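Just passing along the structure, written as structure tokens.
Order of writing sets the chain letters: A, B, C and D. Residues in each chain are counted from 1.
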Amino acid sequence: MGIKNGSQYMQQIDQSKPEVWFHGEKIMGSLSNHKAFRGLMCTQATLYDMQNELDYKDRMSYISPITGNPVGLSFLQPKNKEDVYKRRVMMSLWGERHHGMMGRSPDYMNTGLMAFQSAADLLSEDSPERANNLMSYYEYCRENDVTLSHVFVQPQASRVVQLMDDGSFDTSAARIVDKNKDGLIVNGAFLLATQGITADEIWVHPPVYTQLLEKNNPNTFVFAVPNHLPGMKWICRDSMVGGDSTYDYPLSSRFEEMDTLLIFDHVLVPWDRVFVDGNDYLSQQLFSASGFHTHTAHQVLCRYIAKSEFILGIVLQMVDTLDIGYYPQVIEKINEIIVHVETLKSLLLAAEHNAVADRWGSMLPDRNPLWTANVIFPKIYPRMLEIIQLIGASGLIMTPSEMDFNPDLNPYLDIYLKGNDRDAKDKVQLFRLAWELSSSGFGGRQQLYERFFFGDANAVNRRLYQGYDHKDQYIKRVNDFMGL
Amino acid sequence: MGIKNGSQYMQQIDQSKPEVWFHGEKIMGSLSNHKAFRGLMCTQATLYDMQNELDYKDRMSYISPITGNPVGLSFLQPKNKEDVYKRRVMMSLWGERHHGMMGRSPDYMNTGLMAFQSAADLLSEDSPERANNLMSYYEYCRENDVTLSHVFVQPQASRVVQLMDDGSFDTSAARIVDKNKDGLIVNGAFLLATQGITADEIWVHPPVYTQLLEKNNPNTFVFAVPNHLPGMKWICRDSMVGGDSTYDYPLSSRFEEMDTLLIFDHVLVPWDRVFVDGNDYLSQQLFSASGFHTHTAHQVLCRYIAKSEFILGIVLQMVDTLDIGYYPQVIEKINEIIVHVETLKSLLLAAEHNAVADRWGSMLPDRNPLWTANVIFPKIYPRMLEIIQLIGASGLIMTPSEMDFNPDLNPYLDIYLKGNDRDAKDKVQLFRLAWELSSSGFGGRQQLYERFFFGDANAVNRRLYQGYDHKDQYIKRVNDFMGL
Amino acid sequence: MGIKNGSQYMQQIDQSKPEVWFHGEKIMGSLSNHKAFRGLMCTQATLYDMQNELDYKDRMSYISPITGNPVGLSFLQPKNKEDVYKRRVMMSLWGERHHGMMGRSPDYMNTGLMAFQSAADLLSEDSPERANNLMSYYEYCRENDVTLSHVFVQPQASRVVQLMDDGSFDTSAARIVDKNKDGLIVNGAFLLATQGITADEIWVHPPVYTQLLEKNNPNTFVFAVPNHLPGMKWICRDSMVGGDSTYDYPLSSRFEEMDTLLIFDHVLVPWDRVFVDGNDYLSQQLFSASGFHTHTAHQVLCRYIAKSEFILGIVLQMVDTLDIGYYPQVIEKINEIIVHVETLKSLLLAAEHNAVADRWGSMLPDRNPLWTANVIFPKIYPRMLEIIQLIGASGLIMTPSEMDFNPDLNPYLDIYLKGNDRDAKDKVQLFRLAWELSSSGFGGRQQLYERFFFGDANAVNRRLYQGYDHKDQYIKRVNDFMGL
Amino acid sequence: MGIKNGSQYMQQIDQSKPEVWFHGEKIMGSLSNHKAFRGLMCTQATLYDMQNELDYKDRMSYISPITGNPVGLSFLQPKNKEDVYKRRVMMSLWGERHHGMMGRSPDYMNTGLMAFQSAADLLSEDSPERANNLMSYYEYCRENDVTLSHVFVQPQASRVVQLMDDGSFDTSAARIVDKNKDGLIVNGAFLLATQGITADEIWVHPPVYTQLLEKNNPNTFVFAVPNHLPGMKWICRDSMVGGDSTYDYPLSSRFEEMDTLLIFDHVLVPWDRVFVDGNDYLSQQLFSASGFHTHTAHQVLCRYIAKSEFILGIVLQMVDTLDIGYYPQVIEKINEIIVHVETLKSLLLAAEHNAVADRWGSMLPDRNPLWTANVIFPKIYPRMLEIIQLIGASGLIMTPSEMDFNPDLNPYLDIYLKGNDRDAKDKVQLFRLAWELSSSGFGGRQQLYERFFFGDANAVNRRLYQGYDHKDQYIKRVNDFMGL
């Protein structure tokens, strides 16, 4: 089949019927009719439609080596710099369509899966079958344009160890409770399955934290399954959708990606979907040796740039319409965003310019600038929102809704709410956009999301520092200077 | 009558029937039944009830010099340090009841009006009648426990000057368009009448920005009127109330103070409610010479402290329930809040300790520490919210609602969402509170509100710097050191 | 004898003849003639002279209970709030004389010793003799106005544990290597004996870091000795004195307190000077239970205030002479310092206002605001220096020296270097002062000193957080709000 | 002649005999013998020597189009990207030799002069002769490898306007006081002629601040002259050289570039050295239209990178020798520097990658990333020094000198001052380097220099914001999103 389109995406999600709980009730109808999901699903559908548009198709797909069908370009394992460049073009096209607002636009997990499969050989250590499972799963997803999400993190409670009456220890950490001829039986819970229920399948991969690597750790496994297996339950947080009006709620009406608590209550995972079973080392290596954090950081940086540029555009317009672009304090704040945009774009360029082939034959972008971006963005993103607040001030609060621009109130609003360079209705639209981004529940959830996207600050910092390639070179320069 | 109670407050608001627009529709029923207002009105009612409770009455009221009735203590003009101390006790009682979440709890404008009337003599310069108007209005409010709000700021458009066809200049700035025997006719719009429609009356006082002070400036006036005069229209922003459940929406279900755009469409303001008519100097002096920004800063600092202590309590509990209180990075963040709380409390103490009598006989708290607090708080408040996000992380996002704790889901939630020191339902309640404060639309609006409460950063900074009393002393010390 | 005067101070130091090394050479002559020490010693002498001046004597001394002589007020154990207030007046008088530039002005260790002796009873646990030693030593110092310094910290190398050939472990940590009838024999090194050689004696007190408290730990001891015992060697760092001209080097010519590496090479410490011998618990308690960090923090806060006010005076003058006090960016920077000054003064007031008696009968200032100041100052002090740089800019660099104001160059300097409100020579003097404070080696050493005065950031933060008294109160408030 | 070598450089400076004042005395002997200048001059000589070394010559010179001699590569006007790349290689070679410590390494002004001459045609508007003067001067400098410095800024006093007795206004601003057949007579003073007296010539170019551009403004001129013309007087600030020992003073013994106040007392500037005479517009254009701030920013960014990499090397070594590289707080601080290094390198790459030809045929690097670097560096540089202080702590203070490592003290220092991975003498050497960079007078002057290198924060910010090329693109993206 190859690349799918928007309506295929919608149909598949609606047919899947996972067990989803929303505010204490099980959702019975189609997700695409539900006010908490329909906006996001429509947006996601337009992304899939883009792949099929004449303008974009060449830049967004490539020919499957096994079927000859066009398949999504974010599934492409880059073999040379040209591939890296093509991938960036594709990811930027989607990124600029959703303005970086979708952390789980499909290219993210397509890229992750591509990284994992590039290192499938690793799994042969346990058994060739596992490696085959992974290769097959990758091809299945690529050929069917499967929409994939993932869960890594477990709730805090899973880290608490309790002493039981019989002297044993127990935790609520996810674990393999049984195995049979059909597969593993898994029990446990995972946090923050973002877009879990507006995707087709879920990749489940709890990180290994111990130093003493075991080969038969029941808490260690990697698998991918459809969303509706018996025993899987999805519990939603509050919806951040303000309403359907794209004037009033320009972002949440389109980009609100639901996060869910995913429960596995004795779920049977079929063997052909199991990639790691108990082997701590392999679970770790699948992350580190596959270049997962480098390949996905490439996608993420494209998204960061689209989002930052969008914010810069918003702020520049606010400054124009408020006519305050000559104040040094305002220029300084705009420049913080300009500096950030120029920095991210340059880091992307450098990552691609300095790409080198890894042992799997992937042309791997340079992780040093990419992981630099991962350290920067969680700090700058909240600051950009703060700048919107500092520049927008009361203008962000006093925003009537689309329905207020009616014959009764229009005469007043037209006079009193007009901007320097635009009429009242356009100005209010701009400021409602700025409000949603910086100050609404939708904005707050995005802020949290960006702060912790690639782990907390310690994890992201450790990744950059320990992986940094140039330490010896700079140390040597100082030693030479000192004559040592 | 003296101090009123909660049901009197509710009745009066409901009887007033101002013209209020909400999402394009005129509100026809009682405000106290409307989901956007009922929660806040209930909370405000409990504040008024407190005044009548045996436990509090002595600390919250004093005997009216003209009627012998108990009247609200925040109306008291302080004549000595004991009065200053009493005022603080009263304001802290209310502040700790609403945890600083209400920027327009009634003591704020009671205090402001007290400051204005203390300097009523100023107005005699124009005419003794104006001074009398102000004194009478103050007594009217005090004796009837009138709930007052205010508007100062006009929309950005009011600052744009347009050249007309006939060569004259025009703006949409609010102005006196006519006068007759009954009063002034006023036209214009004002921003951010916070709680304007859940108060009885509104104080209207556009600041004078020009250096060339005129005596007959049509843009200059000060008056106070009931909310329902013909021609007054109130246009609401979106409501930030998440819902009625105090478990799910602990703050917005109680403390959401609506902001409105207030239109005066040829409104007749009766002469006995006019305090300034055209005289720029008097309008300015009513702010500066009355000690308005000092007396209200005293109230505001009590509120800041209650709010900061509440946030500290939340963060301390989050840290306990996540069991992370031994990490240096966490301690450092908690300490930022502790430092802030200790600083604010010390500044309040210093302001009272160094109070001196002004020319109106008011014992005026020391403005230096008070205005210091006004410079600090708008910077620290957003940081405290950031700290909540940094500590709460994904725990702030993955919060089921009250209704999810049902027999179907309870068994899972109880296991997977419990905290270090509390069960799942209590932990989720804490994190929902932290979410609303730090990341919701309610929280975003409060963040903007606190950033700009006493003016933008430049205004608040200029006030402190220009009013700072100790400059000469410190300059002299350096000159002495240099032998100059 | 009681309070001494400046010349007595100088004589005693010069007669003491410790073994001091400076740039590879042993100092043979008098310290008071040495360019690295004479300026500081003169300044210290003026402090002692102040105690004898009619204007100050009453505020700086009290009558010794055992001799009837006037003794230094910083030796006074405060028994009531009046005593606390008197101590603050005394400490501020000295602080304002040296503008907070002297971290080891004598009141610091006088206060520390007073705190230790207040808890001398603690030491009776080991033996009454130890308690007596401490009481006697305190009285000896008070009655003779002994100038005391201290060492706590050992070099990094002392923390490295080495495995020896014979299987034992060894470190270079300071330790008791032997004991005999005359005393302990101690070997080891200590860092940063600030003013060690311009004081008479040194208090030696290595902190205990282990959790497992021993009673006979050879690395644990507390004693005080004169500076010239055989085997004591003092190794100086570079001197930061720029020169003798107080015009050119207004600070370093007066306030440069030398830091030394202090070596104990098998030094015999007489028994009557030993306060703790091997008992980890007592060594710890002498710090914590005596209120050492609270009493000294009171002194330190007086010093912080004097220093911050001095900096504020400098910056206010720079702004005046550059005529830039109307720019918002400049006002904002000045206000950072004003905010800091007002905060510190308020914290001091609060600490005294909330003082309570401890179990030794000392009226102990409230540690919460004091330790808050200790967390704040190391962050704000470097920022104040940065503000000086940002405001002074090239004016800080282009400062001719006193000798450049000669007939050849005067005609040019008078024209080209004059300021808005002062002539060239005075302006240059101000900017040289600002330079030394913010940008010179003297300034750099002070910056490091203030950053780490009371320990590194983690230690200072932990002290505040763990000792914070109001946690339960604020937690309860939130629980009440949530109905828990 | 073409590229010169180190001894030629030294000879020429020593023969020039300008009138230099140092601490009130006229310097009579050779500068290269003077302790304040000899170190820097030696370093500068090694730079010139490099040009002649076999290893470097090809990368550091090109063949003069008029003489066939090799001339300095930083004089090369880049015509294509290859030239841009060559220039960067050359500038990085010098930058990495002086580790970015020399703001006036010769490539800086070589580049500036190249930029000016590229736009010489501009000057034909006034007269072809002026354009010729500039072309000839450029060729003269290139062919003779002239060492050039510049002055732009005048003392604050020059901006004060005084009303004279006769009703006229006067200032001390530099001006043309007369003209005769030989040239202009100029009177005035300029600040911060960095390396003015260790260069051969000086470029004098007061910026035009007025909006009303005149053609005959006596305060407007551009010229270049040798340092020893009659009437030129150079007044030095204090020297920051700590001493000659490269162990004790590794930076100031090599890199201390003296700043001077340069007086023109009725100096005759010969006509052939005059490039602009009174024309405000041309003076401005010579800066803006020539790409001066872009070409030099390219050189400056090479220097920034060398300096930041050097600092990173120092910090990495400090962390190793202190064995603290596993603490999250330490990793976070190191990462701030890594992030900064990666950012600068990426910005450089982007500037070159996006270079385009300008109207003078120069291949101009992209100003957007370059000016971004100029906004960043003045903020990060002080932070890097702060990080050195925070990591080095007392280790930065307690550093004996080279002479302390003598037989008397060695036995102690070897034990007590050794590091985790190096012996005491090497560790102290590293920390003395860190001290000089972060905390000494040399370091303080460099900090000020970097803060204001390309103007104050407002100027640098305005340059980036107003010159930013992508504003319309990002604004359009938001308008498209809003359907406007």
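What we mean here is this: a residue touches a chain if its C-beta (ideal position, glycine included) is under 8 Å from a C-beta of that chain, and two chains touch if they have at least 3 such contacts.
Quick caveat: nothing in here was measured; it's all calculated off a predicted structure.
**Student:** Where each step is a move between two chains that touch, what is the least number of such steps from subunit A to subunit C?
**Tutor:** 1
**Student:** Please tell me whether B-C or B-D has the greater number of C-beta pairs in contact.
**Tutor:** The comparison resolves to B-C.
**Student:** Measuring from the mean C-alpha position of subunit C to the mean C-alpha position of subunit D, what distance in angstrom results?
**Tutor:** Chain centroid spacing, subunit C to subunit D, equals 40 Å.
**Student:** Between subunit B and subunit C, tell me the centre distance in angstrom, where each centre is the average of that chain's C-alpha atoms.
**Tutor:** Averaging C-alpha atoms per chain gives centres 44 Å apart.
**Student:** Could you state the distance in Å from the CA-based centre of subunit B to that of subunit D?
**Tutor:** 52
**Student:** Quick check on subunit D: which residues sit in contact with 2+ other chains?
**Tutor:** 328-329, 457-458
**Student:** Can you tell me which positions in subunit A touch subunit B when the two form their complex?
**Tutor:** Subunit A residues touching subunit B: 21, 23-26, 153, 155-158, 160, 172, 189, 191-192, 233, 235, 237-238, 242, 248, 259, 261, 263, 265, 322, 329, 382, 386, 389-390, 393-406, 408-409, 412-413, 415-420, 435, 438-441, 443-445, 447-449, 451-452, 456-458.
**Student:** Mind listing the subunit B positions that touch subunit D in their complex?
**Tutor:** 328-329
**Student:** Inside the complex, what are the residues of subunit B that reach subunit C?
**Tutor:** Listed in rising order, the residues of subunit B that touch subunit C are 96, 99, 250, 309-310, 312-314, 316-317, 320, 325, 328, 331-332, 334-335, 338-339, 341-343, 345-347, 349-350, 353, 368-369, 372, 375-376, 426, 429-430, 433, 457-458, 461-462, 464-465, 468, 470-471, 474-479, 481-482, 484.
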